[in-house]
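Comments concern the structure below.
So that you can tell them apart, the chains are marked A, B, C and D in the order they are listed, and the count of residues begins at 1 in each.
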């Protein structure tokens, strides 16, 4: 029975604490700075383990690439006509990886989903670095990488131009644009935090951050311009993100090969991209949460929200996947149908079924709250999902070559050589290395936005609670 | 203009105007359009054409291991198929199919090359420029016949131990690692013949020039020529077999033997095959 | 068409590089003024015999193709065989004792080929057809031979030892091949050189 | 130009533009340069030699015995490619892959570049003077060697080199010229001789409406494959002839047949008699053969035939019916028929059909009679090898010369030829590359390849008239330390006949004199000089000679075939079919990369040997493709991969010849296995030839397995695609075609 003001305060507090929260509203802003800046200085030991491991892996990839460069593509054990292999598959994988960063930072930003704020920074970084990795694969794949600049449209003495009808040229353009703009987006979003770093840093770090923070003082005018710029770039980025992977899809969709010649490829690829990206975010979320002691900011509710998002996208992907099979089957084109049957029954059958299992069945485990709140489980699941998505890309590329239109040239024995595997592994090393470096050098949690979040949450929730209690009291008053 | 009107125009374009080269959709061949007619009934599968091609076009001998990996470089290959419904023994013999680049009019490889290393020439050939190629291998991925061959290894340094290089044909480049290559209808011979003809104020006469495979073939199963010239043997054979370069479905009576392979994919190949014949009473 | 458009656009963008791509830049590391006023783009080549082109082509007015017999009938414009030189020079007593001629006869007596150095040396994968150019410009359009050869070789008739004075690069070839030329003085029909890879690339 | 071809060589000097840097176009110079490359003018060339333009010289292909006229494309003094010579009636302007490979023989990286002498068990290089001195010492006049102690072993020979060789032997007082060909036509010659009185009749494939070929691979390995291929093309044009192939293992010809009938090896003759039995039922034919044959043939009713040959009985009547319908027809026999103890009888039985059907004189008549017996070809035989082997074994020979043959490789192991050869005190080999035989020799002399040398050839199968094909150098000799076989022979002859031969400084002049003598025979009216250069430039001399008259006498005595298929030996259940690959033959050209990499037409296997086994048999034995099999006869065992091949009789195993070299060069050494080695000592009774197909083998799985390297993919059918379409002959209207 509430009748005094104190009772009312207590009641409000009680209810308020019962609700589980994305983030504690009573963190002091100084505390936020302290926690995040700490990540730039003393991460857990695991950080160094991961970093060294990635570096080693990257070195393996470099060695393989040097060997391949010297000797020729033959060392990858590709053949005629099986001319594309893991390189292209992994290239698509990394492109896809890059999408969810934009999803979180740009799309959710526009939709004012504020739970994204603690985690969008590293997602955006992930975008940038996975795009860099994808770019590397284009180089690795080329037979004469030393001539790659022929793809660029530049005026030259020979009056020659790239072939603007080729999806590969579209690729080069789209990826480069996406890379640059997402880098800009990442940087712009960081400026206020860089200023914080500058204020807390000493020595050469101070110079470094001073240079990067572009004299950010936090004046109202700066904030106003900052908001506008940030929003604009975000809006610019969203169509890019969609276009990039659609174009990668056209690489396959415009060709005649069975299993590629499918008009539903662009949305299919985009969905797959968001899918693998979200899964990757969950993995890195958990890693960072532990390595940099971000338990306060990367909280379970946020993880759960991300998981739900992933689950939704997984369902979209599954649907489009089934659409692809169905259209192939009912389209009843002999070549395509044979290729589909070959995938399900031929040499690549195990990987194909594993792909379908990991991609379409495993995500259902995320339908359960228990699983969503279980960190080890989520770590394993998210990694499994990405394995599935990587397999999907490989299953798009290789079986078509192995069992294409022309029966005489079907594969004799084609299995990726150690060189190919080495370079693929190296790419993961390269990505992790860059990512870990980033988290060490830049604040991987957006401080200023977390502060906003905390502030809004506290004000907002207290107001709602208070008003509801007042209503109750009004009801009671009317009754008496 | 109505929708049907639009669609009609489109289908007209697709039927009558397959994509010809990168520059001009409406180009008609004025002087030359090289084409072949290949009689599968007299092809004995003896591989003379293949060896002739090795000799003429500086094809590397790749060796056993690389052959096993499917990295062989024969620009023209003889395929041997058994009949689908074969009993215990192949009583009707085997079917041999010489397969070389079909020099498609709507070549799937041309549109996808990022650097335009492969493009259509004024003679309707599908040119491959080794020095422009960067080895993205997209053309091979998109070729329905899989007649494009990629240099996976640095053959110039390995495939010709001295003094074998002395045999190499100076008119043909020796391809280095990382470039795509394919049958060229022996363009070096064609260019030489065209030049000779021009000097004499005429066009190349029928039978004046022929690719190495055609010249070697002991049974003369391959006929080569210029189908712009209606009196050339190959043009007459195409006409006689009711095969039209720009039709994808040849509606004709079943007694004529002419057909083009994988026509349904609409690449409009320049090589007409003539069906193998078997005496079913025998 | 789109190619043209983009060509123009990016030329507008990169004027600097476009200019530097112009084959006829003045100066350059090697090369002094040649008699015909061009900048010599190639180095001075030391030949076994300092062959005086000006003497033969300018003073004597000998047609280039009298010695370079391949030019009108093949890809290669042949370096004259030695018996060609001897054929005339054994009858020209006046210069018989000039040092260069002496050298020539030494080679002849030893029946040894003269190790000339190649001056206009295109990449090995390029097939330049002398026949077509000579046939078109010299035999059909009756332009003076020194002009016709000069298109690519410069005014050799004013040189002693030949020297490369033109870029001979792909863009330089194309700059001419893209222009429309009159077929002949009589008819107005124009045409330009072949513009496809396989004409020149082996 | 001056009179002798030696100067021809001078102006063929390799003075191209920059030599081989030009050959490796695209890999050498890749930018615009000045003064880096040399450009050397010819000193005093022919008028028609223009740098940058290729010149074609007519010559003769010596890769196999059919002596096709060819033309070599020469650029800057290097021969680049072989083409057919349109003026040659044999090649008709066409050429096979084996002929193309002549340039690879010429530029072979493993060629022998200088004389070698056995010193302490290994071959050491020596100078020519030393080598010739040794020859002089061992076989010269002072050596006191007599004719009986000397043997000259060559491959099949014809033309004026043969004359020289025989003159040399004569000067030695020796008759021991042993002409050995591992795959010689001796048996068929014998059969034809018996029946028609000629070695080889002229076969008109183009005239026949129906060809029934008993194991004759005339398209691949016949007497004159290129010519036969051309005739086959005519035969397939309207009115389209029908080809029936009856053989144990599908050959290339069988693959092109309208009907292919597998049969137990060696029983083809029985099948033929069975067909004859059916044909003689028609009274038109009844009178065609003597009565004793009729009675003999009567025994062979379809059921008997079927039980012996393993062919379904109705097929006998079927073939007979077709022969009855389609006339004129042509019935021929091939290696798989003749390689048996009763090979000649088989062949005769098959020729009997021609007799019955009255094809003799229609599709089969006499060749032209060569007016020049001394240069007529000697096709060689296995008997020659046997006698020379016995001679060597008994230690009769003090010196043996070997040219154009590789007996150590091709002789079956039971002969022990290698050891016998070692017993000979002085052995000389004239070779292009060191082969198994040369390795055993005391003196190995490097000679010109076919494209460097002069010569004249006469094929033993002549399409029309007699064609003497001239061989001339297509380029300057590649290695200064090699010599012309002709020059060497001339030198050897001069050891004893110096005064007779002093008119001729070298083989060229000798050949020229000899060829010019032919002038009258071809009614050439111009001067000798012109005739000589005409001959060289055309590459062939056509002599229209009278046709040989062919009789046809058959008697039942010629036809005593074994009553049943020879009994199955339980230890060796399989028939071994040592098949002849059309680009390998007896394996002398195995060291050409092009040939190694040119897929076998039927299996598409490269760079290897394999054992063809019928899928049914394989299944019953649990054999899969790529399994290593041990194929063993009484005389040895081969370890070879299995290839499941439907075109073979279930009781037969086929291993191709020509591979399994222990020497000869990098491309051939250690590739595959050599079936010659496991052949049994079974001989053809009439001729004493080795019965190549008479060997029985057993097959055992070793358990090891390896991928078979072939061009064919995992599937061997078209998978529903419209790649090769087959049209029934009655639907097709070839007559309307162009």
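Just so we're on the same page, contacts are C-beta pairs under 8 Å (C-beta built on N, C-alpha and C of every residue); 3 or more make two chains touch, one makes a residue touch a chain.
Only a predicted model underlies this, so the values are computations on that prediction, with no experimental measurement involved.
Looking at chain A and chain C, the chains in contact with each of them are B, D. Of all chains, the one whose Cα centroid sits at the greatest distance from that of chain D is A.
Comparing chain C-alpha centroids with the centroid of the full set of protein C-alpha atoms picks out B as the closest.
By C-beta contact pairs, the most connected chain pair is B-D. Rounded to whole angstrom, the centroid-to-centroid distance between chain C and chain D, based on C-alpha atoms, equals 52 Å. Centre-to-centre separation of chain B and chain D, using mean CA positions: 33 Å.
Averaging C-alpha coordinates per chain places the centre of chain B 36 Å away from that of chain C. Averaged Cα coordinates give chain A a centre that lies 46 Å from the centre of chain B.
Residue positions of chain C with contacts to 2 or more other chains are 73, 124-125, 169, 202. The multi-chain contact residues of chain D, meaning those touching 2 or more other chains, are 22, 24-27, 707, 712, 717-718, 720-721, 723.
With touch defined as above, residues shared between interfaces to two or more other chains in chain B number as follows: 68, 72, 77, 79, 81, 97, 130-132, 172-173, 262. Chain contacts here are complete: no pair of chains fails to touch.
Those residues of chain A whose C-beta lies close enough to touch chain D in the complex are 334, 338, 405-413. Across the complex, chain D is touched by residues 40-42, 44-48, 50-52, 54-56, 61-64, 67-68, 72, 74, 77-84, 86, 88-97, 130-131, 156, 161-170, 172-176, 212, 215-221, 233, 236-237, 240-241, 254-257, 259, 261-262, 273, 275-282 of chain B. Listed in rising order, the residues of chain D touching chain A in the complex are 707, 710, 712-715, 717-721, 723. Every residue of chain B that touches chain C in the complex is listed here, in rising order: 117, 119, 121-122, 125, 127, 129-132, 171-173, 184, 187-188, 191, 195, 198-199.
For chain B in complex with chain A, the residues that touch the partner chain are 22, 66, 68-72, 77, 79, 81, 97, 99, 108, 111-116, 132-138, 140-146, 148-154, 177-180, 262, 265.
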